[in-house]
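Heads up, there are several structures right after this.
In what comes next, subunit A is part of two complexes: it sits with subunit B in the first one and with subunit C in the second one.
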Partner chain A sequence: MNSKLMNFYKSHKPYSQFLLFGIILSLLPLLVNLGLVKYSLLTTVASILIYSIVALGLNLLLGYSGLISLGTAGFMGMGTYLTAFITADLGLPFELALIISVAVPMLIGVLTGLVSLRIEGYYLAIATLAISEILRKVFVEFDFVTNGFSGKQAQYPKLLGFLQLDRNGTYILIVFFLILVMVMMHNLVNSHTGRALSTMRGSEAAASAMGINIYRHRLLSFAIAVSFSALGGVLYMHFVKYTYPNAWILMLSLNILAVIVIGGVRSISGTILGAFIVFGVPDLILKRLPIIGSIDGAAYIFNGLLIILVILFYPNGLINMRFDIQRNFRKLFKRGEDLNG
Partner chain B sequence: MDKMDNKVLKVENLSIAFGGLKAVDNLSFDIDEGEIFGLIGPNGAGKTTVFNCITQFYKPDEGDIYFRTNTGEVENLVGKKTHEIIGKGLVRTFQNIELIRELTVVENIMVGAHVEFKASLFNQFFRLKKTRQEESRIRKRAEEILDHMGLLSIKDMLVAGQPYGVLKKIELARALMLDPKLIILDEPAAGLNDSETLSLVNIIKEIKMERNCSILLIEHDMKFVNGLCDRICAINFGKLLAIGTPEEIQGNEQVQIAYLGKEDD
Partner chain C sequence: MDIFVQILLNSLETGGIYALAALGIILIFRTSVTTNFAQGSISMFSAFLATIVLIRTGISPISAAIVGMLFALLIGVLVDYFVISRAQRVNPVSKQIITLGLIMIFLGLAPMLFGTDPLQFPRFVYGSYSFFGATISYNAIFNIVVGLALMGILFFALQKTKWGLSVRATASNDVVARMMGIPTAQVTRASWAIAAALGTLSALMLAPTNSVNLSMMDTVQVTALLACILGGFTSFYGAVIAAYLIGFASNLLSFYVSSIWSDSILYLLILTVILFKPTGIFGKKVIKKV
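What follows is the complex of A and B.
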């Protein structure tokens, strides 16, 4: 029985790994209820998972298509406000809010892309930076919908009109969406569109010669990245239950970029690792240390140093450390065998 | 457009200028079906520019490029989008190898059949039946081509770090994925040693025989061109010098001057 399970696990990699990861994450509320871990840990982990979804989208854009967006925070924020407006103000169902709150930012993203992706270079980065700042201004100024600086509230989601989720339930929903996004990412990058994106990033000449419509594929990957950001925003809104303009500043977009650089470009597991480091370590470890914990902005210093170190030693992200660890382990075992024999 | 019988490509009065420099000047030639056609000329003669005009990487200032497509119709390629060209049955390789380092050998070759994939984005996201079928069908074809070139053993290795001769073969393999009518090779033998060049000559001859396609190639190595091509077109400063069989070209005085310079009396 056990070996059967093991065979299933091995033959269905990486889906089985994703599933196992999801199951392990889903155990967290249980641990909280048993009193084994702190109540606040669930909030930290949930936000890490939400940022992982957003960062996966950006990794598709940066790692596979070679484009940079600085508007991640703006599109995420737009997702939060839209879903809050639709569920709380209009009283419409969560599912409808989810669809609209992902579709509208995606549409705006496509419009931005239509203009800025025609030209080669970093115009997307500049255009998205501008859009993000415009959006933040909208969150402040359109106070009849957004409540301005006081922010906007929403409730835990009610699924299918009758299944009211609580905090733990919403957390499980976040885990579900993360695993779904991981599976979708994995499938996409290993299909013809994923190869086309990689080709476009590696050589535009080869891409055109092989019949890849570069403009269309740039737009496509940007649209996917924006919709993952907006999805992250929707989940954030219904877990944190509160959004305000200053949560969606450039700093957040840069942090998401740091997730990819630190964790691993072109790597799903690297993105998750990066999210745990960038959004987890400051909250879970740094703040608890003596002296360092009391410094304001210690997290920024930590992230900055880490980016420098990672670029120096693991230019493709910390996830590649596992190869070195494996190699050293093997060496260690070999030496042990030599000594024994 | 008259007289396209037995012709796969007909270049007529092609001209393109960069600023004041006429890189290609009123050039005309045509390629028969099943022919290996060489384009030669000294450095800077405009050979690669001609290729870039045919494949629509550059938009020529003047002239027409008629091509007999997969469906047998004759179309003018001028004004078509770069990414539309491969679908007509015309595919190229590059002087400086353009392969994707992050992809494996077989994945690089599968990119060559990109236009054949029809599965929707949704279908790919969830790896549904159509995606799986297409993937396995095209992967199999890629592996057959690799096997033919003796590269099957490295199919799952990354392209980064492969030797130069192997990279050239991989690029050629990628060009074969869609069974093109015309393959354009930009200096296929550049940087290869003698035995690699010999193996490439055999591969190109095999491709022509088995796939029943035409090949247009640029090359510096005269031995390579003479041994392989049915006809050769020599150009210099973007202008036509001569078209003919390898023997005719070797005997042509103007070609000799262009290559070796004129002897002072």
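What follows is the complex of A and C.
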């Protein structure tokens, strides 16, 4: 029986790995209920998972199209406000809110992309920076919908109109969406589109000579990145239950970018690792240290330095460390054999 | 008429602030081939330093500005020495991300060193002058003149001096410039230093109307980057002219349409212009070789 399970696990990689990861994550509420870990840890992990979803979308954009979006926070914020407005103010079901809150930011993203993706890659970063500023202005000024600076509230989601989730249920929902997004990313990268994106990454000129429409693929990867940001926003809103304009500043977009760079570009597991480093380490470790913990901005400096160091000295991201460690181990053993022989 | 003169004068001042920041971004773009997103953060950081010096020692605002710009020169050199010069083989996208990492470092350091409260930086000169029914403060005249003079000197230096020639050579082809014996590393370092100083001056010109705080340069940074797009990244003067145009449009919009939404409308307008004129108003089409 056990070996059957092992065989199933091995033959269905990486899906079985994703599933296992999901099951392990789902055990966390149980541990909290048993009193083995702190109540607040669930919030930290949930937000890390939400940022992982957002970063996975952006990883496609940065990793395969070489484009940077600085509008991540803006689009995420837009997702939170839309879903809060639809479920709390209009009283419509969660599922409808989810669809609309992902579709509308995606549409705006596509419009931004239509303008800026035609030219050099770095135009997108500047255009999304401008769009993000406009969105933040909207969050503040449209106070009849957004409540301005005081922020807006929502409730835990109610699935299919009768299944009211609590804090743990919403956490499980986030895990479910994360695994879904991981599977989607894996399939997309290994599909026809994914291969086209890989070719583009090698050489845009060669790719377009082979008949790959660069503009369309850039637009596609940007649309996916934006929709994942908005999805992250929706989940954030229904877990944290509160949103306000200053949560959606440039710093968040930079942190998401840090997740990808530090974890590993074009790697799904790297993105998850990066999210745990960027959003977990400051929360779980830095704040507990005696002197550094009390300093404002220590987390920013930590992430900023890490970005620069990783780019300069470890450009494939920290996820590749395991290969290096393996190689060094092997070297160590070999040397031992040599000495013995 | 008098309203229009007033708007024109205001535009010269705001346009000058944008132009100084944009010129710094272009200078770095041409020599390091990266859009420097950290320009605003470095300027904010140096503006804080200048303000702290002003408060502690009580020197005049003009001397404080000079001290701040000297600090900025040093910061520019340090940033290039420790980070940018080591990233020559890094691809352009990663270089951009490095400048984004710099934002995080400066935004993290600033509250640590200077506290989280906004500080006040006084005007350079006081008093005002009226003509044609419009009022202009001496400070605004001072800002306009200093901005124009500085940019004039810089353009003169770019065209007529040996330093300017080496900057232009590095900008047009880094490898060939090095082969011709131009010290491109020093040219790049000088560009980072000068860009930081220009940004700091624009921050200190802006400071009296607002305050010295962590997000003081956000709007200027976005506007300056858009000015570079609008003017085209290919020329030095395009971005400066575009910055003045944007300053003018911004003042027109905030007077005649809405003071809250003027920036947002302006950003959308600029993006629309790019849709029809992708290389910018003054940009040349760059033909890429495979």
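Here, the second predicted complex is superposed on the first by the 326 of 341 C-alpha atoms of A that agree within 3 Å, B and C clash if a C-alpha of one lies under 4 Å from a C-alpha of the other, contacts with A are read in each partner's own complex, and residues count from 1 in each chain.
As a working rule, a residue touches a chain if its C-beta (ideal position, glycine included) is under 8 Å from a C-beta of that chain, and two chains touch if they have at least 3 such contacts.
Just so it is clear, the structure is predicted and the values come from calculations on it, not from any experiment.
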Inquiry  = After the superposition on A, what does A:96 contact: first (subunit B), second (subunit C), both or neither?
reply    = neither
Ask   = subunit A residues in contact: does subunit B have more, or subunit C?
value = C
Ask   = When the two structures are overlaid on chain A, which partner does A:24 contact: first (subunit B), second (subunit C), both, or neither?
value = neither
Query = Which partner does A:311 contact after superposing on A: first (subunit B), second (subunit C), both, neither?
reply = second
Query = Who does A:6 touch here: subunit B (first), subunit C (second), both, or neither?
reply = neither
Request  = Have a look at where A:205 lands relative to subunit B and subunit C in the superposition and call it first, second, both or neither.
outcome  = both
Query = Looking at the overlay, does A:191 come into contact with subunit B only (first), subunit C only (second), both, or neither?
reply = first
Inquiry  = Output the subunit A positions appearing in both contact lists, the one against subunit B and the one against subunit C.
reply    = 203, 205-206
Subunit A residues touching subunit C - in the complex, by the definition given at the top = 62, 66-68, 70, 112, 114-116, 118-123, 125-127, 129-131, 133-134, 137-138, 141, 203, 205-206, 250-251, 254, 257-258, 261, 295-305, 307-308, 311-312, 315
Note = The subunit B residues in contact with subunit A across the complex are 55, 57, 81-87, 91-92, 94, 98-103, 107, 110-112, 114-115, 117, 119, 121, 124-127, 131, 134-135, 174
Ask   = Can you list the residues on subunit C that touch subunit A in the complex?
value = 35, 37, 83, 86-87, 90-94, 96-98, 100-105, 107-112, 116, 218-219, 222, 225-226, 229, 233, 260-261, 263-264, 267-268, 270-272, 274-275, 278-279, 288, 290
Task = Enumerate the contact residues on subunit A facing subunit B in the complex.
result = 183-184, 187-188, 191-196, 198-199, 201-203, 205-214, 220, 266
